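Okay, handing you the structure first.
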Amino acid sequence: MSVRFGVLGAGRIGKVHAKAVSSNPDAKLVAVADAFADAATALAAQYGAEVRSISQIEAASDIDAVVICTPTDTHADLIERFSRAGKAIFCEKPVDLDAERVRACLKVVEETGAKLMVGFNRRFDPHFMAVRAAIDAGKIGDVEMVTITSRDPGAPPVDYIKRSGGIFRDMTIHDFDMARFLLGEEVVSVSAHAAVLVDPAIGEAGDFDSASLILETASGKQAVISNSRRATYGYDQRIEIHGSKGVVSAENQRPVSIEIANGDGYTRPPLHDFFMTRYTEAYANEIAAFISAIEKGTRISPSGKDGLIALQLADAALESVKTGMRVRVG
Amino acid sequence: MSVRFGVLGAGRIGKVHAKAVSSNPDAKLVAVADAFADAATALAAQYGAEVRSISQIEAASDIDAVVICTPTDTHADLIERFSRAGKAIFCEKPVDLDAERVRACLKVVEETGAKLMVGFNRRFDPHFMAVRAAIDAGKIGDVEMVTITSRDPGAPPVDYIKRSGGIFRDMTIHDFDMARFLLGEEVVSVSAHAAVLVDPAIGEAGDFDSASLILETASGKQAVISNSRRATYGYDQRIEIHGSKGVVSAENQRPVSIEIANGDGYTRPPLHDFFMTRYTEAYANEIAAFISAIEKGTRISPSGKDGLIALQLADAALESVKTGMRVRVG
Amino acid sequence: MSVRFGVLGAGRIGKVHAKAVSSNPDAKLVAVADAFADAATALAAQYGAEVRSISQIEAASDIDAVVICTPTDTHADLIERFSRAGKAIFCEKPVDLDAERVRACLKVVEETGAKLMVGFNRRFDPHFMAVRAAIDAGKIGDVEMVTITSRDPGAPPVDYIKRSGGIFRDMTIHDFDMARFLLGEEVVSVSAHAAVLVDPAIGEAGDFDSASLILETASGKQAVISNSRRATYGYDQRIEIHGSKGVVSAENQRPVSIEIANGDGYTRPPLHDFFMTRYTEAYANEIAAFISAIEKGTRISPSGKDGLIALQLADAALESVKTGMRVRVG
Amino acid sequence: MSVRFGVLGAGRIGKVHAKAVSSNPDAKLVAVADAFADAATALAAQYGAEVRSISQIEAASDIDAVVICTPTDTHADLIERFSRAGKAIFCEKPVDLDAERVRACLKVVEETGAKLMVGFNRRFDPHFMAVRAAIDAGKIGDVEMVTITSRDPGAPPVDYIKRSGGIFRDMTIHDFDMARFLLGEEVVSVSAHAAVLVDPAIGEAGDFDSASLILETASGKQAVISNSRRATYGYDQRIEIHGSKGVVSAENQRPVSIEIANGDGYTRPPLHDFFMTRYTEAYANEIAAFISAIEKGTRISPSGKDGLIALQLADAALESVKTGMRVRVG
């Protein structure tokens, strides 16, 4: 049996998921929808799929699952619609920028019994998966301290910043999820510092571009997150987990691993400079996991609740920056 | 326009090339041939191609190019047949284990004006390509000394060894080509030492499993090759080029790049343990280069002559081991 | 001219400094004092020095400088005595565990015009010095974010913990100084989380063994510190400074840099497991800098004030853990 | 008991050994001799030793051992004189550039029962010692293939080249000894290629500046050596030993281990650029081993015979380059 897909949104990330669906032997891309007809047509043609409207996909009997890659402010509504339509749903993060709206949406998901996966792609990066497997195999004993370094190659346009929900909801959100994925225990408090060091325009838009955070669990395990909207050397994505028996870490990834040495020293190339090339395998693995969970009827993870908790941590971080308090969560 | 392919041989490497052809937006897999009907059927079905006989593919007007993945002793004959049939030909190395037979075959290729590419996949590894690009960009000045480390995870079965042509024609052949690719100047002499250190059965089959070689060009540039049929830590494939201004190197590749540290030290996982996973990207790039050269009418490289020269270096190495002499080539 | 030294305290760290003084061509070890006569005698004999009492050294006309390596609770008194005696003073950190006592002591230093250097040895580690030199040379532009990982191979005895002043005053104190050394701007606020994850006995003694801290400067530069009393893989001492133009980091150090690979992977040996072997060069450089400053009459750094500020940061960190507040400093 | 030393020759390497002797708690530097009175006086003064003539040292009853750091053409004579004088002898390599002369000299050593150590300092490098210890501990099983990369930062003056005995006797000699140290089995044949790629003046002086060598033992173990008189990135000194169970290697050493990353990539500093800074610890360890062997009456290694065999391998390499033959040794 093959899972039959509709992809909603034919933009940058929609293309990534359409390719992942098409390349997966257990899935079939049936339809693509996009407000821009040309975009939908081009993407559908590339993979032998049809162009359909969202309503048509909602009503289609030949579609089992949808991938939601539309603008953020449509996510919650679409999740509700497709939950009611009985489709399995993969939705790009975030469900919504407002925690209340997310809660309401997840209530519908629960009531309808819909399958919902939220796109925290980094959980499916092979290197991070190997880190997690090492933890699960007991290689480092009990997890004690998680360190996440997450820096973007460059700041997005200020227009993007303005509707992004701010650095914590837009960027750190991935790191909150990764911290939870690695800590193995819920976070109960958050302390955050944030500043504008990269671009004053970001500050004028009411946001920050540089942040440091500490998360703590009930048993005292700690996660530290270091964020910057600037990394001249590429997309800086590292994790390190310190446990009672040892430490496990995943290094940065680069397109080619050569080294040139001369009188100036030994130089390796910069890192990947784009999240899509850095996380190519993660995107494919993520869709494969979604398909597999549908086929086997297993629990879907990361779930809508995972999306909600990450958002709550983002809200707590912002409150901590503003109040100078360690903020309790959950 | 799309290049229409027939794949001859549906074994391990045939599958790799069929996938590369199918995934390439500028190519179409039309037909698959194999002496084992089941193998051909399965592979054809996977990519929506037809099963045809070799003769049918030879005569087909809807096929522009073939990929020869049949047993080595059929390569030269098939190259000649498809040269005469006017198809572009990609042939897995080697063209033949006998240099005379290769010369005769290449004569037919020349007379028919056929396009022939020989499968030295390593030239298309992204890391090795980056090394070559660094050389071409003048980053290390004039090339002086090339070091190639090439060790297999484990020895093949003795049955394979017996019909392989020996370590130099079977394994070092890739390193001879890589040395030429990097030296930028033809090799004029070869010294080789070889021994049986891994498996006495290999010695009983008249072959060696451990070898060290020095190649030298007319201007005195040198390449050193270190080969072993055993590497407990995975498929060991490194190159280093030392030039007048500096050195450039490509490190080994591993499936995941994590590190675990404890009282025993800092441990990274073993390397890829299989040439197909190590050179996944190289195989895809290789077919892409073949397709591109056909479409653009550009020179095909590596050519049949590159295959012949590598074979001559293998013959010279064997002679050097036997005679204890530095053997002149070319 | 040679600077003539008395060393007060012939214990572990006294021996290190006695060796550094003796090996320095611009210094001479004249006398050693210790409450335990045997310890003083042995150390004095090793370097051809005399055993004297502290009072004798205080009154000696043939001694220019002292190195104070006695128990912490004697430091402030001895600094005051030797300030009044007109000696140059090198004192192991901390001056005292109580900030008020330190302030009173530094007042005497100021009034007497004594030269005082406080033993923040890490500033003199060649790798960290090279990091600082890279910053000063503008290699990474403006400093934005400092990350300090500082983990001990194992927890000290609980008896030590009890009189240590707690993890922040005993262990993090070095990291506070390092953060200031690298940030190039005073810290104005501190947030800290701390827990007992390594040894419950440490908690029973009223201390913590695992801590995460964020320091922030007036312009929003941030430093993150990760501390643990446990690191099975050795003495973990890393720094990374992220700036507007790039990042500079200093990796961990190990006694030998070999690598062994087999089917289990690639393994490098654990790190140094002792601060004295890790910082061997730092201790020698530190004393050399002290001697050089005396001879040239240049400003001594790190000064008593540096010691005081680090202590204030430790006090602030403890308050932050207790109150859940971001604590203002300075 | 302390071993009392005379150092013959107060030049660059004499200073290194004088320091090693003086710093060793089990030795005492009694006298220094040098044809240049000023050099001898300065070195003697630095360590509280006397200036004496070679004859005085020969006759001295308060000297147990000598370190010979005089010009190469005096080594054999001095070894003979001090053997007869009953002193233990440490002699810088080589004993002589002529194998016959070495043989004659070693005959005197044998007849007199003198203790003679030859200065192959690299055996005492802590990293290479750790490699050897890993082999001895069975970590890589049976040694199969040794790879030695040995490149100088820059070519010495042509005047030096002319009296050096050529690249094999002057530079590769260390690598021959290292190969034997690691192979654990005598070399029986040598193939060598050599060329002038760095400086034509070296060729005009009858020497080479770039060489590749293969050494083979009776059981087929192989060592490959890569030499160049040029390495823009510093003093390149690496070893790798491939065995039946795994591989062990020692990486290059650099003065500081920091890394700077920016848009151009990740850059670590160049290597040590001078053999004396690269092998600082090796020189001290070497003298310590000599002193220890004298005190304990244990076998001295590397011995005069080790020096002779390395020279024979150098002669064989030169013959191989000239004749194009694999040359048998021993």
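Note that the chains are named A, B, C and D in the order they appear, and that numbering of residues resets to 1 at the start of each chain.
By our rule, a residue touches a chain if its C-beta (ideal position, glycine included) is under 8 Å from a C-beta of that chain, and two chains touch if they have at least 3 such contacts.
Nothing here was measured: the structure is a model prediction, and the numbers come from that model.
**Q** Which chain has its C-alpha centre farthest away from the C-alpha centre of subunit A?
**A** Comparing chain centres, D lies farthest from subunit A.
**Q** When I count C-beta pairs in contact, which pair ends up with more: B-D or A-D?
**A** Higher contact count goes to B-D.
**Q** So how far apart, in whole Å, are subunit B and subunit D when each is placed at the average of its C-alpha atoms?
**A** 42
**Q** Measuring centre to centre with CA averages, how many angstrom lie between subunit A and subunit D?
**A** Each chain reduced to its C-alpha mean, subunit A and subunit D end up 57 Å apart.
**Q** Residue numbers in subunit D touching 2 or more other chains?
**A** 232-233, 245-247, 261-263, 269
**Q** Can you list the residues on subunit C that touch subunit B in the complex?
**A** 232-233, 261-270
**Q** Touching subunit A in the complex: which residues of subunit C?
**A** Counting only subunit C, the residues touching subunit A are 142, 144-145, 147, 149, 151, 189, 191-193, 195-198, 210-214, 216, 219-222, 224, 226, 228, 230-233, 236, 242, 244-247, 324-326.
**Q** Taking the complex as given, what residues does subunit C use to touch subunit D?
**A** The touching residues are 23, 126-127, 129-131, 134, 139-140, 245-251, 253, 255-263, 269.
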